[in-house]
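I've put the structures underneath this note.
Below are two complexes that have chain A in common, paired first with chain B and then with chain C.
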Partner chain A sequence: MIEEFEKTIQDRHQAAMQWKEANQKKVFGYLCCLTPETILHAADVLPVRIFGSPEKLQVADEHLVPYGCRYAASCLDLAARGVYDYLDGVVIPNSCDLISKLEYWWKELVPRKGPTLAGVELCPYVLYIAYPEKRTGRKVLDYYKHELREFKQALERGLRREITDEDLSRAIAVYNEHYQLMGQLKELRKRSPLPISGSEAWQIEYASQLMPKEQHNRLLKGQLDQLSQGTKAASGVRIFLSASATDVVNARLYQIIEKAGGQVVSEDISCHTSYYGNTIQTNGDPLTAIAQHSLEIDCPRSTETCSPATYPYPTSRWDRTRSRLEGYNAQGAIFYIINYCECRAIEYPYLRDKIREELDIPVLLLQGDYSLEGLEQVRGRIEAFVEMIGG
Partner chain B sequence: MDHIIAGIDIGSATSKVVILREGGIVASSLIRTGADSADTAHRAMAMALKEIGLGLADLHYIVATGYGRIIVPFAHEIITEIACHAKGTHFVFPHVRTILDMGGQDCKAIRIDERGLHTSFAMNDKCAAGTGRFLEAMARALDLSIQELGPLSLQASESVAVSSMCAVFAKSEVTAMARRGIPQSTILAGLHEAIAERVHGLLKRVGIEPEFAISGGIAKNVGVVRKLEERLGLKAHIAPEPQIMGALGAALFAAERG
Partner chain C sequence: MSIQQEQRIKTSKSKKSIQTATETWAFIKEDYANGHKGKAEGRPIAWSCAAMDKELYHCMGVLPFFPEQFAALSAVQRRGGTRDESVEKEAVRFARAAEQEDYASYLCGYQRVATGFVIESLRTGDWHDAPLGGMPKPDMIVTTSCVCDVRVKWFEDMAQRLNVPYFCMDRPERIFKGILSTPKEHEVDYYASQIEDCLTFIEEVTGTRYDPARLNECLDWAYKTNNVRQEILQLRKAVPSPMGCADGFGTMYPGMYQSGTKRCYDFYAKMRDELRERVEKGIGQIENERFRLLWYGLPTWYNMGIFNYFEKFGGVFVYEPAYNPDPWPPRRPEEPIREIAHRFLLRGTGMGNVVDSILHDCQEYKISGAVLSYLITCRPIVFPAVEISAALEKELGIPSVNLEGDLVDERLFSEGQVYTRLDAFAEQLLQRGPRA
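Our next item is the complex of A and B:
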């Protein structure tokens, strides 16, 4: 895999600090794919995703209940310990219950005083985005456009610069190229033999959330050229992976699956950009296009308005899951749900039954606690599952 | 020279070896798993080989399974215990389609097809309830041997509800019941009922077929087996030595691949 991807992943904090120093620009951290990165990019900010680490909690467990998502707790813990001190701002959308409340804890554990006017922060360090719970419906787009406009205005105040429509259009062009290139990578992973291993594809995906998109696009183009020539192949039972919080900790799953004789060919994982199916529209108002694109994210955190035809379940999650399985000739589906990840736990029985009944593909459910030790405990089950499919 | 092959199952509590010669079991062993899995593997294998006066070099192929399978120094191949329990049980009871393996550290519900291959499985998660370790802790709390639990529980005319299935809390609860003068048989009947309820949930995750078998050390506890049979309304198939089903499956794989 390309050295720059690996280097960025290995020391992501150093890479971001070096970029900041070299470019004399701001770096913002964000949680969750619901964050409109394009608006940050348009403001000349480098958006980097906040992830956790395998280290034990040192500070956050004094503040959080033990029965909460350990991934969110790990992100907060790193911030409280100063690991994310180089960030000039933090964007927190209301993705799940715990992450939405990180807004308060972040402010408490990483206090930064800024100017206020009539009790209102003029340049908030922590920016909150209220993404709609149901992402479809008559008034949703209007609401979310308004929310993003306020987010943009808060950024403009904080950065003391205007974000023009031209800035937004320029950012949209860069991100659209990114979505198209990632789409090409997904297409390559449909091939048999597989031209790239699951763990290598994860590295590309992961690095895209840590480095400037222009740099990532350039590196990925070169990589795609090599991969399309099909000089190397990864073999194994073809696996679809659906997983919570697949950052450097839970990404160990890829290695465990590969060691067991499997290969992840497609995924529906948190900490991933695969929810972006389409490009952002380039005709019309750019902020409306960004809002529209954002509302198309099929993250399990959201739901949608049910019509009498789709009652009682919304269909988009299943439709997208089906497309992640069928086109890739997946032979098995692994769901790895970390404890207290209610977003994935709630939809799991429905998706499991649909996969089994409509596609006749075996499904394995694994539960974890966002630790490397916890992943080792599921190794045997993954081996048995791959063995079962491989015959 | 005869084709002699072996399967070894290094479990968390016990280690088992089965040696096959021309398709028939000629030797087996069962010992406690020590702190050093490699040493345990050597001792278990040596014990089985001694029965037939052979040495390690006489074995053509060895398959290792179980929790400690990756540290068996002399294994030619490793296969998961789920596949091996399926294979071993299918060999003894070819018509069985649902298996409950209740081992020292975990419980597994396994669905198998007519070839003895596993088609679905579910395991308990990070919890000792329903495992050998759990019953060992309860036996200690009641000052009984593990072998006494099953027969004693059958003497009970009633059972008492055990509210906690956490090994630590259940031990406190059982001790408190004993202090209150509740007969040991009644307490054990309650414990076995609670285990049966828990593993029933595990079995439901894979689907319960009428032809159903129990393997693993807890299959020797008549109290648990009876409670489970009552709950399921089914008669369980249990091999004469249910603890060696995994090692038998491993040996059968060795016979195919060696």
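Our next item is the complex of A and C:
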């Protein structure tokens, strides 16, 4: 079963193109888990996550300065080289300083003319969503719902079809099943001995962003059935992994940790759909529910509305980090922060101190440049860290 | 990026063209003295940021301090106020303290310096061992999501370290073609709600009730000031250039940090009068102006002398887009909060908006070359640099040069390399001749 996830990851572009051909429907790419995939799904569009590649930049480096996240630059570079030409649209949320600016570069380097009416573009090829910086507060939901309504309307114009509340509810049902199944997988990873290795769990998550959710749900159900029989066990020092959005680089990181004698049991990684701890509400207006659900993501870049008397400053990043460590009996925490990933870099010292002081768990900081070679340079530090914990 | 640990950088002050620019320092010193006095008397202190609507503080009786400005101050001062060049700048000392706590060296210089100041002050218990006695310890921390994510996370991080209440004003990102456009109603609604919530937050911290009449008073001064500053910007278009970027950056403090006060208005009214006289008499920054330059980005605060560098070639820095205000819509005293939201949301925040704006400025100010402050630790400034450079050359035939460094951390500034590059750029501009 794992092989099917692995195959999709390896042939992700081919898989999306085949789906498009077989179903005669549109495929949209998106950046970042803040994108409300459900709206795309409701429009019969296949949403696929845009990932990068650790290959050397070939086009984007003529436009991007070297002092920014190489992962984001790599996503753009692949698009500029035509790798993502099969996409019928691209969705870019305002999820960090660089990702939001990709909206401009994507239009410059991947120019596409959307459908027009009397010379007016009905739906741009690159759709931008102004995701709020604050997750909570009096009018955040109203504002974001308005932004999502505009996004939905642009899609409707571009696709020449209405996206009804029934369409949205149908998509929500599929995604809620996905969140529930992923929740079951997470629960299994709390067990000792571990029924699944960190890298296998990672592949399941990774693939969920590349294949139709219905297909992923079906495969995952089978996988969970097998895992719950408890015939398999993965051993190693239990590690919590916090990392910037990465793909094959992250996959290698899991392998290095496992080879060193560790097992990742929980994580805080930007491209993980497991960010979705809850399901989408099914009573009431579906667009409101989708907006509310999207605002629940504890992205390192987001902040909250505070109250001097009761909640003076945001603590949700620590609260969630704590639950990702405690609930999974993690013995060590590894932070892998891509260079120039500023929000993660700023919050690191605070989280490190909290983990050490309140949980007495050792912490390892790794900084990298989104390259496989860079990971090889830190292999020794990972080995020493795991050995120190494992004794 | 390597940080030169031991090298002492030789930097210089700028030469001022206008008299009013020399009065900024007294303005800043007065604010710090008032802050320390106010703190002792129990007045509320806020730490906040440049893109905040300052009138809110003045109408609520809060004394605001600005870690960004404090970092810039630390970039020019050495410990104890000494001029001994063997003593490192305070910005370097504080940045190093932050880096020792695992704050990455690629993070914003303002962030590292201010965070280092917090770390050092908490460690020693001495909050005054810093330029002008340091920023008084805050009772609240208020930031905005405007310009960059760093400001949000950095201020959140300081609030956690200091255990003080935190508020973030979330400003909707607006991307469209052009430079300015009327915001949508739902964007105004949202930002207005942020202002209301911020006022409620300040009420809770200070116990002072929000008074719309008092806010209108502050806004009256802010609008009068803005009108004067628009006049100044018009005067700065004159040939020869009556004042340069050193003076522009050097005089931004009152408008950026004390908008909404009479003393801020008085400062710029005086400056406007001085500039008007210079323009009427045809007095330029230098006698024989041969080429005019634009400075994109924020300055290298530790080396403001760079703004006079081209004078030996007949070149002058004429205009710097940073910190200069847009014209505002008319006053709406019946809705002061929505008025603030409207004026603040006018400008687009996307890359295209930035590029369009620079192209427009270069035409308005008859620019023949641009120096792009390639701030390697300031993502919002450095990201558009390549596109601006290409657009200037393609659309207007204007060449540009990059100048790598940090805002306040002089360890990232390579003087020899920079000046060699600037010499070559000057030669290039002289060969091209003045812009038609």
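The rule is short, and it goes like this: the second predicted complex is superposed on the first by the 379 of 391 C-alpha atoms of A that agree within 3 Å, B and C clash if a C-alpha of one lies under 4 Å from a C-alpha of the other, contacts with A are read in each partner's own complex, and residues count from 1 in each chain.
One rule holds for everything that comes next: a contact is a pair of C-beta atoms (placed from the backbone, for glycine too) under 8 Å apart; a residue touches a chain by one contact, two chains touch by 3 or more.
Bear in mind that the values here come from a model prediction, so they are computed numbers and not experimental data.
Chemist: Which one hits more chain A residues, chain B or chain C?
Modeler: C
Chemist: Counting only touches as set out at the top, which of chain B and chain C does A:Asp247 meet: first, second, both, neither?
Modeler: neither
Chemist: For A:Met388, decide between first (touching chain B), second (touching chain C), both and neither.
Modeler: Only chain B is touched by A:Met388; chain C is not.
Chemist: Identify the partner contact of A:Gly380: answer first if only chain B is touched, second if only chain C is, both if each is, neither if none is.
Modeler: Touch status of A:Gly380: first partner only.
Chemist: Would you check which partner chain A:Gln367 touches, where first means chain B only, second means chain C only, and both and neither mean what they say?
Modeler: After superposing on A, A:Gln367 lies in contact with both chain B and chain C.
Chemist: After lining up the shared chain so the two structures overlap, which partner does A:Glu177 touch, if you call chain B first and chain C second: first, second, both or neither?
Modeler: neither
Chemist: Using the superposition described at the top, list the residues of chain A that contact chain B and also contact chain C.
Modeler: Overlap of chain B and chain C footprints on chain A: residues 367.
Chemist: Which residues of chain C touch chain A once you look at their complex with the stated criterion?
Modeler: Interface residues on chain C, with respect to chain A: 1, 101-104, 106-108, 111, 140-141, 145, 148-150, 152-154, 156-157, 159-161, 163-168, 170-175, 186-187, 189-190, 193-194, 197, 201, 204-205, 350-352, 374, 376-377, 379-380, 382-387.
Chemist: Of all residues in chain B, which touch chain A in the complex?
Modeler: For chain B paired with chain A, touching residues are 67, 79-83, 117-121, 123, 125-126.
Chemist: Quick one: in the complex, what on chain A touches chain C?
Modeler: 62-65, 67-68, 94, 96-98, 100-101, 103-105, 108, 128, 130, 132-134, 137-140, 142-143, 146-147, 300-301, 303-309, 312-315, 337, 339-340, 342-343, 345-350, 352, 365, 367
Chemist: Under the touch definition given earlier, write down the residues of chain A that touch chain B in their complex.
Modeler: 362, 367, 374, 377, 380-381, 383-384, 387-388, 391
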